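Presented below are the structures under discussion, each in the form of structure tokens.
There are two complexes below, and they share subunit A, which is joined by subunit B in the first and by subunit C in the second.
Moving on, here comes the complex of A and B:
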């Protein structure tokens, strides 16, 4: 099978309840009918601003979201949303997570080696010696020295702590690693080191990454394909080159134009698309396109009906009324509730 | 699988000298620098030594009538004098220290066990588990503690075990609330999610991941609980709700209370002992609070 991760109609709901008995319940849908795929050995980036639901989506794929999850997540063809106990352990060995904040993602009362060994303790039946050997191997693989094994997290720098987090994610030799903004808490020089490390590890172990980020500049260097999220929905999903060279959705264009460029020629290429206003409230969504209120190109129909995610030439998917799908694509148009992949 | 390509700034020269200092050993360094806490610890150790070896070095039976009643301190060879029926106060104080300390520590342990169990389950599972457990906690919290413990002791008999349990049963709500608050805070931290991703079961998450990190305020509370349990036991003994065959500081005060005007020393001496012990424990608890509180640690 070519697609290692297949997500279909995945939604995550949170029930918000006013305090006290019989308080009013409201449903917040943080991830709304999201479908996407990632190929084995490749990197799929999920980008979007704060509150777009990208982290919730990532956690839901790893079965870590606290909300109610519906839909399908297939890892290697096996649906993981319904897994329990033993099946869940199988999935946890296969899917690991690197977290955003290296200062809060390591237990301050554990030594570095215990942190890296924790997945092995819980998910495998290896002997002590085997586990110690694996811990040594991955300490080395992420560029930490063996004598640092006995140290506690607060004795490391931010970049080193993220390396411990990466070693922990590698320890069960997973196929999928979900990177939840792995570099956004680090300073730029360290960001580059960690990005390079992640790329080298991908080659070395044949990993598939799901790379969550709000920084298209970082994504550019990492990914093979990109999904852009806005308010819990995917608004555009395409290969890296397609997306960066030919962005279709106005939101994607605004994001790309916001990436700072060092080269002055690039800097002035194309007009800047600055977004105004705030995203709408997830508890009180507009009935039309969720982006319409901030979209510089919005037309009356954008406020009336929600655009479905439609397939354009070359498998480029985009959810916008204003996008010309190209001659052969209109037949493939699908409804918003059940996007169909070619 | 060597990887020295992007490890430049990692090899900071200072790091190789660094020792693995655990959060607890750092707390001890902090605690040692706190003078009042060290004084408290010193006094506490003295009292404990007195309680442990004192009766061996001074083998007079605290219940034996050795001399005439109300012999003042220092007179007739009795360092602290004798009580209302002529028993040696030094022997009573030394044996009483054992009971008071043991009851204090045991009651604090009971308090912590109940409080941590209730608070941990409520804070970890949330939802209806939390609702039910916290309503129960509030019910126990609004009961008048002294009255309730008196009822328990009166109903089930005035044994030391029952007094310890009674103190524990009326004191746990404060610990439950602190534990729940810590669990609510810590369960949202990323390293708990990371442990879940690493396959930790709920029991493991509660006991091995969250609880060790929730421990500092609970330890402080345990220290303060020990002091208030000693006071509580003294209060119950003073009211006569105690095992008359067991000597404790509260028991000395209680049995001599009718003669407080004739010979004040019989109640003053154990009173001062209780005061000093509770103060020492409070100082230690305060020092622990400063040493373990992460907010102060960062300053």
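Moving on, here comes the complex of A and C:
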């Protein structure tokens, strides 16, 4: 299959200064040795709790993370971590972002058409007429009316504002769009409108989505494959049916069972895997598996060694000591425990 | 059957530049002892206003109860004096707000904030209130309550802060607990913990629960009965299982089917989500003599645009305010 995005051993570090004058500097590793792939024209969802590093990972892939980034990100075979100037413009045209909050992600002093045109001004050398044509086309594609082009963001509803954000992301005709919680700030009925729109646009323009969300219902509907993150690590990476029908990692199972279900069959299955406590501190990580302190199944070895991401039958990747890899699985270790960053 | 809370023909008006708007328009409902009900709807439908009205906390000078009664334990809260309401709030009716980050005082320790409620409402001494606060922190499952009681809100995670809010609301063992979107700001795993906690506490104390939410899944997990609100009016009311299995109002159907729910067995097949087009009307349109949902409704007919739908009862407990309810 054709992988459009390939990420290998990607880490993002932030320097944190302790309280007070001259406080000690420490390193916080928000994304820790992450490897994943996304296929062209498909949706890869990144799920996890807040603080798990999912947004940082996606921003690092788009070269937008402010921390120190190491590792390799290939988009269409081209390494983007080392790009500068002109190469970076190429990458910016190819990779665009839709943000979570449609209220703060649009400039309140620009008209809708200027907002949508801005990426074209910055990244392309198209003529005025060409740009105007492109703005019209995508205004129409996201379901806004031409006469709304002259309005300011505050004159739109939340859903319409998100449509402007989508049109802006589409304007450079990218191949990859990073959707960072694109519907979580919207009302439920409006969420459905935006989700349907995103899926329609994906078909129409052959887009590849990196879809960041904490809402497993939305993820299950949108994605083709899923990467589950916990404390900066990927704990499970599988395609949609495998992950939702046969989740392997205890954290994934806990996440899925924590979603309040409308389906009575699901509610009465009675195998809730409840998590206790809060995640550990990223600045003071435990020795073994990062999930062990909250894991209902943890064994002594889980507190000793960090489980590598291993491949199971059918390409299902899991980082857990307790998971049986199945008969024909290879013992390929993707990343052993991460070395301490100096 | 005697009700703990009975709201009759409640109308709440908000003063705006363009005149008054009825944010709650002729709302009636009951809450039995120990019962759990949910208010569901999009933002701007009047769910939170209902809660604030019960608490006597409508925005001063802007919102007021124009007509109707709120009977609580045989007493009309609309006519109650501010002093009496102050006594009822906290003692008899507790409330948890949506944002645990902003509804706690950042400059007091959490133990102090719980103890304050006990001193104010139950006249406990400083020492006794502090000891009780620690008990309460333990009851909401905060580890090491003795040391955590001295922590400030910023030192706690979102889930822990919400637990502190619950401890404050339950400090005086209220008869009703109102939870306004208690888990919207939290992660799903933490949400599950909070729901578990609320369920257990309810079992132990017999408190009635009014939960306000937009998440049908949360309703299905937590409530026995639900009231669907739209544009300040009750669209549908009934037992949760019945309404989810067979909603009698197009808005309820829309709310249920527009969300991609997790299913027990996932297949390749993926259909487009059902859309409810448009958005909730602005306050200026509230109170008009027609069905306010008609502009977003696929079933709308001439009658919906000219006459406000009456409530149709399908059983003693299931009612819908839609002209087409019978055909659904």
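For this structure, a couple of remarks:
Rule of thumb we're sticking to: the second predicted complex is superposed on the first by the 323 of 342 C-alpha atoms of A that agree within 3 Å, B and C clash if a C-alpha of one lies under 4 Å from a C-alpha of the other, contacts with A are read in each partner's own complex, and residues count from 1 in each chain.
Here, a residue touches a chain if its C-beta (ideal position, glycine included) is under 8 Å from a C-beta of that chain, and two chains touch if they have at least 3 such contacts.
Keep in mind the model is a prediction, meaning the values are calculated, not measured.
By the touch criterion stated above, A:77 is placed in contact with neither subunit B nor subunit C. Judged by the touch definition given at the top, the superposed model places A:193 against both subunit B and subunit C. Shared-chain residue A:168: touches subunit B; no touch with subunit C. Touch criterion not met for A:300: it reaches neither subunit B nor subunit C.
In the superposition on chain A, A:152 contacts subunit B only, with no contact to subunit C. In the superposed pair of complexes, A:86 makes contact with neither subunit B nor subunit C.
Taken together, the two complexes place residues 159, 189-190, 193, 196 of subunit A in contact with subunit B and also with subunit C. The part of subunit B that touches subunit A in the complex is made up of residues 1-11, 15-16, 18, 20-23, 189-191, 193-201, 204, 209, 212-213.
Against subunit B, the residues of subunit A that register as touching in their complex are 59, 62, 64, 88-89, 92-93, 96-97, 99-101, 104-109, 111, 118-119, 122-123, 137, 140-145, 147-148, 150-152, 154-155, 159-160, 165, 168, 189-190, 193, 196-197, 200, 204.
For subunit A in complex with subunit C, the touching residues are 49-50, 157, 159, 187-193, 195-196, 199, 214, 216-218, 220-222, 240-241, 244-245, 254-267, 269, 272, 274-278. Residue ranges on subunit C touching subunit A, taken from their complex, read 42-43, 143, 157-160, 187-193, 195-196, 214-218, 220-222, 241, 244, 254-256, 258-268, 270, 272-277, 279-280.
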